[in-house]
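Structure first, then comments.
Should a chain be cited, it is by its letter among A, B, C and D, assigned in written order, with residues numbered from 1 in that chain.
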C-alpha cells in the first residue's frame, strides 16, 4: 500500500468529523463512565475498617481451626492491658480469659463465633444472611467453653469453670431439672429419676390434693421443680384416677379392660417384697398419738433441719406445711414406721423412734393443713367419677372393684390416664409402674449449630429469628410453640429469665463442630479433703442440725472443733451406729442413722480434722501407765468429793444432766478432755458445767480415773501380778 | 511550530509507519483502510447497508453478546489470580475476594452479572435471527453454529455456577447433574440403563458419584479452558461466516 | 457559517472533545491502575516473620567445641541458631552464592552447600567454594518474657555482624 | 436486491458500537456496585437448600420435572430442543422472508417458534419466581414461611388407553395439515414433513401434558415397564 507520499497527518483525534450530536453523546457517555469508575474506586476505598487501620488488615491465621480471624483489625486493644475503659472496638478483653487462651492460638471466633474473615461490622458479627454463626452475645459466649472443656453428667455438680459461671449454671440446671429424662444428649445418660417414685402414690395422697397439684404444682409447693403439665380438667381427672390406682401392693394395675379379676390381691403384695402395714388391723392405729407431743418431737428431733413447716426450717426435704391436705390420714404413720417400704430410695434417716413417738408425730403431721385448702375448695375435675372426695378406704374399695372387673367406667379412665402419663413424659422424672423412662423428645445433640430455618417456629412471630431467641422461648414458654397442627409437649418449668439464659447458654454449647484434640482440656473433678467432706455434708444435710463455722442449724452440737474434740475411731463407730450420748429424758434430740457408707464416714472425719486444722490421720498418743491406787483416788474424787455423779453417769450409776462418762476415754481426745476439765467455759461459753479449779493432784487423779474408762484408753492401769 | 515538527517526526518514523499503515486524514480511503488493516475492526465489512445501522433491526444483540464474552474473559482471568479450585479453600477464597482483595467484589459481581446478561442477549439474538429469517440459505450452517454457541454459553454459565462452592452452587449443580443420572442408556437410573453408578456419564462428568473435589476441578477446567476455547473457535467461524454469507442480515 | 459561530463552535467542540476522550483516557488509566492494585493483595497468608526460640540459657555448648549449631528451626523457618562461647546468633539457611540451602555436618563442623560446593565454618564464615560472603544472620532480641525472638524481616550481612542486634550476649 | 444505501462502518457503525460498549460497561459497573453476586453458606452435602433451584436459565427444565420424569425433562427435552433448533434451516425451505421482518409470509414458522420461546420463558418465570419450599406454588406476595404440603392424588392412564391416545394425538396431528392444506405437504416432501410435524407435535405435547396433569391429575399418559411418559 502506498503510504507516505500523500500523507497528511490529522491534527486532532480520529473522530474529528463527528457531528455535534455525536460529540455530545460521546462526551455524556464517557463522562458517565468516568463517574461510575470513580464511584467504584470510592466504593473500593471506603471500607469501614480503614477508620481503624491504614491500608493494612491485621489477621490471625489459625491453621488447626481452619479460621482466619480478622477481628483484631478493629479490636486492637483486645490483648493489651490498659484499654479497659476505652470504647469498643478498642476495649481490652474482660477478665483473664486471654491469659489462659492466647489470642494467637485461639483467635476470637473460636469462642465468640461470628465471621472471622469479614471486615464490616455486620458481616463480622455475623448478623447477616447466609452466615450461620453470628456472634454469641453477652454471656452466651460462655457456651463455647464446652467445646474444649466438655461437660457430662458424670462430673459432680461441684465442678467449677472459672469465667463461665452462666454456662456452668446452665449445666447444673440441665442436670437438676433432669432434661435428660426426656431429651437425649451425647455424654449424658438417663440418671436416677429425680422425682419421687409414684409406684404407690395412690396409698399416699388424696384425690383432692392430687387434682389441685396436677393443675398447678407451684400453688402447693413454691419451689417445686415439677412443671405444670398444662392439662385440661378432663385430663387431670383421668390422670388422677390412674395415679390413685397405684397403691402399695398394686404397682402393676391392669391395663386391659378384659382383665380377669381374682388373681390379684392388692392388699397382700408389697413393694419389693417388704409388706407394709396395710392390713386392716393397722388402720386407726396412729390416732392414738398426741399431736402436741408430736409437735414438740418434730422440733426437738430436728426434723426442721431438713423439712419446712410454716416457713420455718430448711428446704432440703419436702415442705410439710400442708401435708395434712395432701396425704391420706394414715400415711405419715405408715411411712415413718418403715420409709424404705414405701420408697426404697427415701433419704429420710432412721431416727430409731419408738412406736409412741411415731404415733405422736403422725397425728401432728395430719393436723398440718393450709388455709383455704379444706375440702370443697378443690376444683372438681369434670372427668372421672363425680365424687365429693376420695377417702382412702373407699379408694381401695373402688380399686378392688376395678381389679375384679366390676367398675369398667373407672377402668376406662385409668387407661386414659395411663396413656396421658406416658405421653406427657411423666416417666422422665418419676418411676411409675415399670413404664419406660421418659418421653422421646428431640435429641439435643448439635442444637447449638442449628440453623434458624431448621427450627420449628409454629405461630411465633413476635421474637427475633435467631437460635438464641428461639431457645429462650422454648425454655421459658414452651407452650407457645403449640400450633394448630402440632401440640408442643414440653412443659413449662417456670424458669426465670436468668435461669433460662443459663440453660440456653449451656444448650448453645452443644455444637456439631469438633475442636482439634490439642485444644481439648477435660475438666476433672476437684478433689481435696474439704471437697470430699463437703459433699458428704451436703448430701446428708448435716448443717440442718449441726453448726459449722457459725453456719447451720442449732438442733445439735457445733462441729467446728469436733476434729479436735473427738477421737476418729470413736467418730467412725458413732457414725456407723449412732447412739444417744445424753440420756433420753433430758434431751430428745438424737443423731439419726443415715446408713452412711464407710467411705463417706471417712471423708466426713477427714473433713472435720481439716476444719479443726489438725493433721490427719491423727498421731496416736503413747499410753500412760498408772498405779491402781491412783485410779482409786480419782474414783473417790469423782464419786464423793466432787460428786460428779450428780450430773454424769458412769456404768449406769449417776445423774443424767451431763453426758454419760462410761465411754468418755474412747470418745474424746486427751487434749480436749484436759482442757475441758480445766476450763469448760473456754470451749463452750454457755455450758452449765462448773469450773472446779482443781489442784494439780486432783486433776491428775480425775484424769487417770476417767481416761481408764471405756474401750480406748490413753491411760492404762499397770498390771500387778 | 516545534510541536508539529516533532509530531511529523514521529508519524514519519519507520516504527510508527510499521504499526499504523494509513494516515489519519479523514478520507473515504482511510476509513476503508481503518477497517481493513485492523485485525479487530475487520470483523466488520467496510460498508454495511443502512438498515443494519438501525438498532431496531439488529437489536445489537450479537454484538452485545460478544462484548459480554470479552468482559467475562477479562474479569475471569483476573479472578483466577485469587481462586483455588480446592474444596477446602474455595469458599474462603470467595470470602477473601469479597472482604479483602482490592476490587475483588466488584470483579466478581461484573463476572456474574455479565454472565447473566450474556445469556439473555444470546437468547434474544437467536430470537431476532429467527424473526428475520436469517437462517435461510446460504446461512443455514451459521445458524447451526449459533445453536452450538448457545449451548456452549449455557454450559459455560452452568460450569461457572459450581465454582463459588456455596449452597446455591452445590445444590443447583446437584439438581442439574442428577438429571444426567436419568439419561436413557448412558445414565444409570434412566430407561434402558446399561451402566452403573460408577461408569455412567454422570460419573464421567463429576469424576465421582457425588459432587466433590474432582467435580470442582473438572468444572473449573471446563469453565476456564475447554469451553472458552470451544466458544472462541466457534465464534471465529460464526463471525467469518457472517462476513462470507453476505454480511449483516438482509434479503439476498 | 460566520466567523463568530465558528469560533464559539470550535471552542465548544474542543471542550466536548476533551471531556469525552479525556474522560475515556482517565477511565482507562483508573482501570489499569485498579487492575494493578488488584494484583497486590492486602493480606498475606505467610508465616509471621518473628518467632520465639526459647530462653538464652537453653542453648549450651558442650566442652569439646566452641560452637554448637541448633537445627531445630531449619525445617520450619530455615534458620540455624548458633551458640558461641558468649553469644547466640541466628544464621539464615540460605547460601550466599545462589540461594541454595546448605547442609550442616556436625561431625566436621562445616556447612556444605550441595549446589556449587560452597563451604562454611560453624559460625557461617565461608572458606571454600564460590560463596562471596559468610551466611547472613537475622535480628535477635529478648522479649518481655525473657525469650529470644528472631526477626526474619531484618537481615544482617557480614559487615553488620558486630551490631548489637545481630546477636544475643549470654 | 439492489444495494440502495450503504454506510461506512468507520466511523458510523464503529461509533455506535463504541457507545453501546460504554453504555453496557456503565450498566454492568452500576449493577455490580448496587448488587452483590449471591454467595450463600458453604456447600454442605448433608443439608439441601429448600428449594434447591437450578441456575435460572435451567429452571424451566427443572419446572418440567414436576410433570415429566427426569430423563424426559432433563435429558430428552433439552436434547430435542437443541436438535430441533439445529435442523430449523434445513426443514424450513420457504425462501420467503429471508433477512427481513415479516409475519404474513412465515406465519407457521413464527407462531411456532414464538410459542416455544415464550413457553421457555414462562416456565422459567414460574420456576424462578413462583416456586417456594418443597417446590410448591407460591405467589410473589405469599410468604415462604408458611409451609405448603404436597396434596395431590395422581393416577395414570391404562397402558392401552395411553398408547391409543398417544397414537391418536400424533396420528391426528400428523394428518391434520395434510388434510387441510395439501400443498404444504407437497412443498416439504415426506421426510421434512415428518420432522416438522413431529417436532411441533412434541413441543405442544409439553403444554398438553401439563394441562392433563393440572386439570385431571394424570401422572403418566403411557406407562411401560421401561419408562413412563
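The working rule: a residue touches a chain if its C-beta (ideal position, glycine included) is under 8 Å from a C-beta of that chain, and two chains touch if they have at least 3 such contacts.
Remember, predicted model here, so these are calculated numbers, not experimental data.
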{"item": "Contact pairs, highest-scoring chain pair", "value": "B-D"}
{"item": "Between subunit B and subunit A, distance of the C-alpha-averaged centres to the nearest whole Å", "value": "69"}
{"item": "Centroid spacing, where centroids are CA-atom means, of subunit B and subunit D in whole angstrom", "value": "23"}
{"item": "Distance from subunit C to subunit B - Cα centre to Cα centre, in angstrom", "value": "43"}
{"item": "Inter-centroid spacing, subunit D versus subunit C (mean Cα positions, whole Å)", "value": "61"}
{"item": "Touching two or more other chains - residues of subunit B", "value": "95-96, 100, 102-103, 106, 166"}
{"item": "Junction residues of subunit C - those touching two or more other chains", "value": "24, 34, 42-43"}
{"item": "Contacts with 2+ other chains: residues of subunit D", "value": "11, 22, 25, 29, 32-33, 39-41, 47"}
{"item": "Chains touching one another, given as label pairs in label order", "value": "A-B, A-C, A-D, B-C, B-D"}
{"item": "Subunit A-touching residues of subunit C, taken from the complex the two chains share", "value": "13, 16-17, 19-24, 26-27, 30-31, 34, 42-43, 45"}
{"item": "Of all residues in subunit A, those that touch subunit B in their complex", "value": "1, 3-4, 6-10, 14, 16-17, 40, 43-44, 57, 66, 68, 70, 115, 117-119, 123, 130"}
{"item": "List of subunit B residues in touch with subunit A within their complex", "value": "7-8, 11-12, 17, 21-26, 33, 37, 88, 92, 95-96, 99-100, 102-103, 106, 166"}
{"item": "Of subunit D, residues touching subunit B in the complex", "value": "1, 3-14, 16-17, 20-21, 24-25, 28-29, 31-33, 35-45, 47-49, 52-58, 61-62, 65, 69-71, 73-76, 82, 85-86, 88-90, 92, 94-102, 106, 109-110, 113, 117, 226-227"}
{"item": "Subunit D partner contacts - residues on subunit B that touch it in the complex", "value": "28, 31-32, 34-35, 41, 44-50, 52-53, 55, 57, 60, 63-64, 67-68, 71, 87, 91, 94-95, 98, 105-106, 108-114, 116-117, 119, 123, 126-127, 130-137, 139-141, 143-144, 147, 150-151, 154, 157-158, 161, 164-172, 174-176, 178-184, 187, 189-192, 210-211, 249-252"}
